[in-house]
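Here it is: the structure, laid out below.
Labels run A, B, C, D, E and F following the written order; every chain starts at residue 1.
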Amino acid sequence: MIGVGTSGVVVQNIPRADSALIDALGACGVATVHEAQGRKGLLASYMRPIQQGQRLAASAVTISAPPGDNWMLHVAIEQCQAGDILVLAPTSPCEDGYFGDLIATSAKSRGVKGLIIEAGVRDTMDLRSMAFPVWSKAVFAQGTVKETLGSVNVPIVCAGALINPGDIIVADDDGVCVVRREDAEAVLEKAQAREANEEAKRQRLANGELGLDIYNMRPRLAEKGLKYV
Amino acid sequence: MIGVGTSGVVVQNIPRADSALIDALGACGVATVHEAQGRKGLLASYMRPIQQGQRLAASAVTISAPPGDNWMLHVAIEQCQAGDILVLAPTSPCEDGYFGDLIATSAKSRGVKGLIIEAGVRDTMDLRSMAFPVWSKAVFAQGTVKETLGSVNVPIVCAGALINPGDIIVADDDGVCVVRREDAEAVLEKAQAREANEEAKRQRLANGELGLDIYNMRPRLAEKGLKYV
Amino acid sequence: MIGVGTSGVVVQNIPRADSALIDALGACGVATVHEAQGRKGLLASYMRPIQQGQRLAASAVTISAPPGDNWMLHVAIEQCQAGDILVLAPTSPCEDGYFGDLIATSAKSRGVKGLIIEAGVRDTMDLRSMAFPVWSKAVFAQGTVKETLGSVNVPIVCAGALINPGDIIVADDDGVCVVRREDAEAVLEKAQAREANEEAKRQRLANGELGLDIYNMRPRLAEKGLKYV
Amino acid sequence: MIGVGTSGVVVQNIPRADSALIDALGACGVATVHEAQGRKGLLASYMRPIQQGQRLAASAVTISAPPGDNWMLHVAIEQCQAGDILVLAPTSPCEDGYFGDLIATSAKSRGVKGLIIEAGVRDTMDLRSMAFPVWSKAVFAQGTVKETLGSVNVPIVCAGALINPGDIIVADDDGVCVVRREDAEAVLEKAQAREANEEAKRQRLANGELGLDIYNMRPRLAEKGLKYV
Amino acid sequence: MIGVGTSGVVVQNIPRADSALIDALGACGVATVHEAQGRKGLLASYMRPIQQGQRLAASAVTISAPPGDNWMLHVAIEQCQAGDILVLAPTSPCEDGYFGDLIATSAKSRGVKGLIIEAGVRDTMDLRSMAFPVWSKAVFAQGTVKETLGSVNVPIVCAGALINPGDIIVADDDGVCVVRREDAEAVLEKAQAREANEEAKRQRLANGELGLDIYNMRPRLAEKGLKYV
Amino acid sequence: MIGVGTSGVVVQNIPRADSALIDALGACGVATVHEAQGRKGLLASYMRPIQQGQRLAASAVTISAPPGDNWMLHVAIEQCQAGDILVLAPTSPCEDGYFGDLIATSAKSRGVKGLIIEAGVRDTMDLRSMAFPVWSKAVFAQGTVKETLGSVNVPIVCAGALINPGDIIVADDDGVCVVRREDAEAVLEKAQAREANEEAKRQRLANGELGLDIYNMRPRLAEKGLKYV
């Protein structure tokens, strides 16, 4: 078994979830998916989109890269299929601009749906023009070198979340969430149930009913000792 | 008297300023109001809007909530009237997503104008669609529990500013400012005087006159020893 | 020679680069110019634009200002010509709002193209309406005083970069880069060569060729020991 | 009533708590006092001591000071009595070195017990030699000016906590906590009860009994659904 | 298989590495162990010791806890054996004081060697007196509740590193590193080889030989184009 | 002239200030030297010592290094003389551990007095044992590579300050300050005058005289409108 942070390895054939399943998770969005899987898998809040209004889900092609060295991005693109998303974690904190419009052009030509990077990105005007979505820790033009190996498609810890190659990434304006490939089907089921349930609540709340009543919170608040003065 | 951080209390009938006064303060905007009241009352710069181009003023319904626990938000909504704004400070630093589209639906149905939260918010796409404005410390989907009491309508310190229930919150793209209810009328007067005064200056500056001359700065600069070389 | 941080001095006639040269650098953008000059001159990633989609280059009029004191901004504007950009560094970390719509009106009337400030800015709605571009460390309405001298057109360190008066500032959505006036012509040449070269690569990448092959990376990756499994 | 952030005022005669009460609170320490008063009043975790092993309590003489301007410190010292502690909050974020060995000498000669400052301090070697304890946001030698008024003995928000002149400050290696003067007696009673109670628990825990049993947690954990596997 | 972030589970019998192996890793220290295992497993640099001069290794008993809720710490202690170390990661960012002298007394009575916590700790004076070592993200007295389940002995991501129950934690003044239990023997071998090798180098360097010569760097520097002027 | 950030160059013979002058500056300490030269030259407050109670001054041997690459440190040591101090700035933000006990052994054998590094350091226990003082941005064991050129003895911007090779670095518990070699004599004169002047003031303050009176502040405070209530 290949551990987190293993260096110098490219895993070539990774399992991926079914694309209909992935798309259905994407339609649910980050907050719902995160809740549906027991409030886990969320990446840190500093992972911000460079665009607004994009929501997607895709299969993770993972990259472990040295700080300031984007060589492994080029290696990773060869491993991508249509429907994948690149997910890069540096081996130590870094905000250099690993990714710009040229690599995005390459990624797009292979059907890559976007990039999640716990580091910097550049050429952001071009990336928005190309409609290539990115969630990153920083926007920074600082160039990188190509000198030191990292790995592709090994488990990584990205912005505080464990991501295995082939896991499903869900991303929107709220941030980024990872769903383990093995859990995807169960999570989708719960996410869709949650959405159905929320729709009914939304109507009642819109009509002026209070959450206090809908969720029957008053007895427990009283029991805890809440005082109205 | 109820102190900052008191727990387990809901104050039901809070005084509010006159709505015309509130609206007039809102029209002045954050920078002008902050100046007019002697450069105080500004919340920390990390309180950022999730939308662009919104400017408003409203009466604060305050919430002191435990970290990662949004129970008091539900309690607070019952205390809201049309024209109020929810203002939440966690009892210790937290960026969890206390507030999303369901609670926003509930708040909106009661005429609540927006949310100020020194923590996280989620469902930001939906909130923008609903035109429900939010100023927050973070955008983060992390879910919260409903287990521990806080308080509603007690004094709170939010992002470095003391806020009493019924104080006026002014918010726009520059951030958030609080005006004590007792000071509102005097502050408005000064703010409007400031605006009138600024308009005249703006014309002169647009015509190429220098601030150095309009404000007669040259003698004092010379006295301080400024050297032109 | 006047050193970084010298106080109480205004240098009146600074050399500037040729405006055609400056415009041509602006057209290249931050990432390209930064690469063309050997990956130096980039300001820290916390220098963010208050608007989206602006790209420009201009001659730096530098300001060294005390924390919370914007007096020198007024002094600096008199030194500005059409085509200049104001660049302010506080003498110690500060995020106060040194600059708002009134000073922007004054600056605009003299043909100033924008502002780079390692501190705060306010009236951001107005600045966007006026199409006056700003890159700043913070958006913050906090007012400033006019009590203590700083300097104008002395060398400054702004967001980690040394900037001499008359240096060329290039700024866009990726951030801010400085080019020494003496280097501008050579940097432009390299930047334009780089752009020409990139265009050819972009076509090949768009057609599905891999960076691995275009840049002939495979032999060196193998030599370093990269393993495909 | 004088509000938070009021400028240009020195309140000369402030009420103080009884010194025996203050000393007794100091003996309890920050964690115990914070718990005893309902988990409120704690200053932010970035307020760190420049020394190790000091524990004290004292009456707050409050200072609201402009960024980078330490004039009000000199004004404040005249207002101090033996047993006081200086508490300074800047009107906007600042880490300049407002306080060094000279002012410490002056403060010490009046019996001032220490300094709480949401900004910087310098001459830290000397301050440690003098055994003058300081809790600060930063250690930074940056000098300040004496140009702009602030206030002394008005309410301030310091590191997220509301502090009124005459409130009791408790500080040790864990940080800083404020107790309202009006609450001091009640808080002390609870703090001492808590200490007595803890002593008994400490013995049982030292003997190997588990908190799970001492606090009878098992039934409620089971009820919540905790599974042992 | 139990995933990262699973809630409501206590795994009772975890495998541990041999204690001689653990002690030997501890003797090597963080920097050497980190290098020996291929520069991975290091926790973020914000994990700082509350004491100076402690170096240890121990078996991880892992805790996933909600923000501001230390219930699971009590549950975890029952699972500890002599030679273990508690490792706590909150499910969202938090700096509350989960751990103080009472729980430390309990942990110590069971032979627990210390605590690694990506959150806050309190009673630090007492902990140092007890010689109970802690590496934490913050020192903060803020109290916690006991309301919501987390898990014990599930995989966690702590300060950016994946930690499985039973993994070996190495900690000293440089920070904290994790070694997978399965890798411990191989890592120790490499770490000891590295130490032996370094000792010889240290002598040569102490005698004035240059790293440039010992590591034969000159030809490669010349080849890369380094110019001496 | 060699600019800030130039890559691939080693300047071999740099001018240094007179050692008696350097030692005398060191004796004054950071706060005094910073004041004496007009409150400039201070490095950012995040540059913290790994030890307590060290005060020194030395000639800067500067290093510009890529992120995560410590090759240039080895190159720099050959350029060092007794009485020098290594000063390293990475070309983009980085906290990796560039420096440990082996390089320190090498540096010490050549008479190097210490290290200033806007990045990480490791083996801090050993460095303290060796009495090799370090001021750094981070303590972090993360290893570095030796692949990419930087430069030695070129001007650098380190923690916000411009440092030329041969400039004098003054460092103590308050942080780090740089004095231009050309200014050293004048700065020393002013620093010593300042110390003499302070000594007299210290006596008066210790005797209970107020700064308000010694510095004759009362009239100007009154003129500014300070009100005693």
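Structure notes:
We adopt the following convention: a contact is a pair of C-beta atoms (placed from the backbone, for glycine too) under 8 Å apart; a residue touches a chain by one contact, two chains touch by 3 or more.
For clarity, every value in this text was computed on a predicted model and none was experimentally measured.
Centre to centre, using the average C-alpha position, subunit D and subunit F are separated by 32 Å. Subunit A and subunit F, compared by their mean Cα positions, are separated by 42 Å. Within subunit D, residues 39, 42, 45, 91-93, 95, 140, 142, 148 each touch two or more of the remaining chains. Interchain contacts give a graph that is no line, ring or star and is not complete, per the touch definition above. Each chain pair that touches appears in this list: A-B, A-C, A-E, A-F, B-C, B-D, B-E, C-D, C-F, D-E, D-F, E-F. Every residue of subunit D that touches subunit E in the complex is listed here, in rising order: 29-31, 34-35, 39, 42, 45, 48, 53, 55, 172-175, 177, 198, 201-202, 205-212, 215, 217, 221, 224-229.
Listed in rising order, the residues of subunit E touching subunit B in the complex are 66-69, 91-96, 140, 142, 145, 147-148.
By the touch criterion stated above, subunit C contacts subunit F in their complex at residues 3-7, 38-42, 44-45, 91-93, 155, 157, 160-162, 180, 183.
Taken together, the subunit F residues at the contact with subunit E in this complex read 8-12, 71, 74-75, 77-78, 95, 97, 100-103, 105-106, 108-110, 120, 122-125, 138-143, 146, 148-149.
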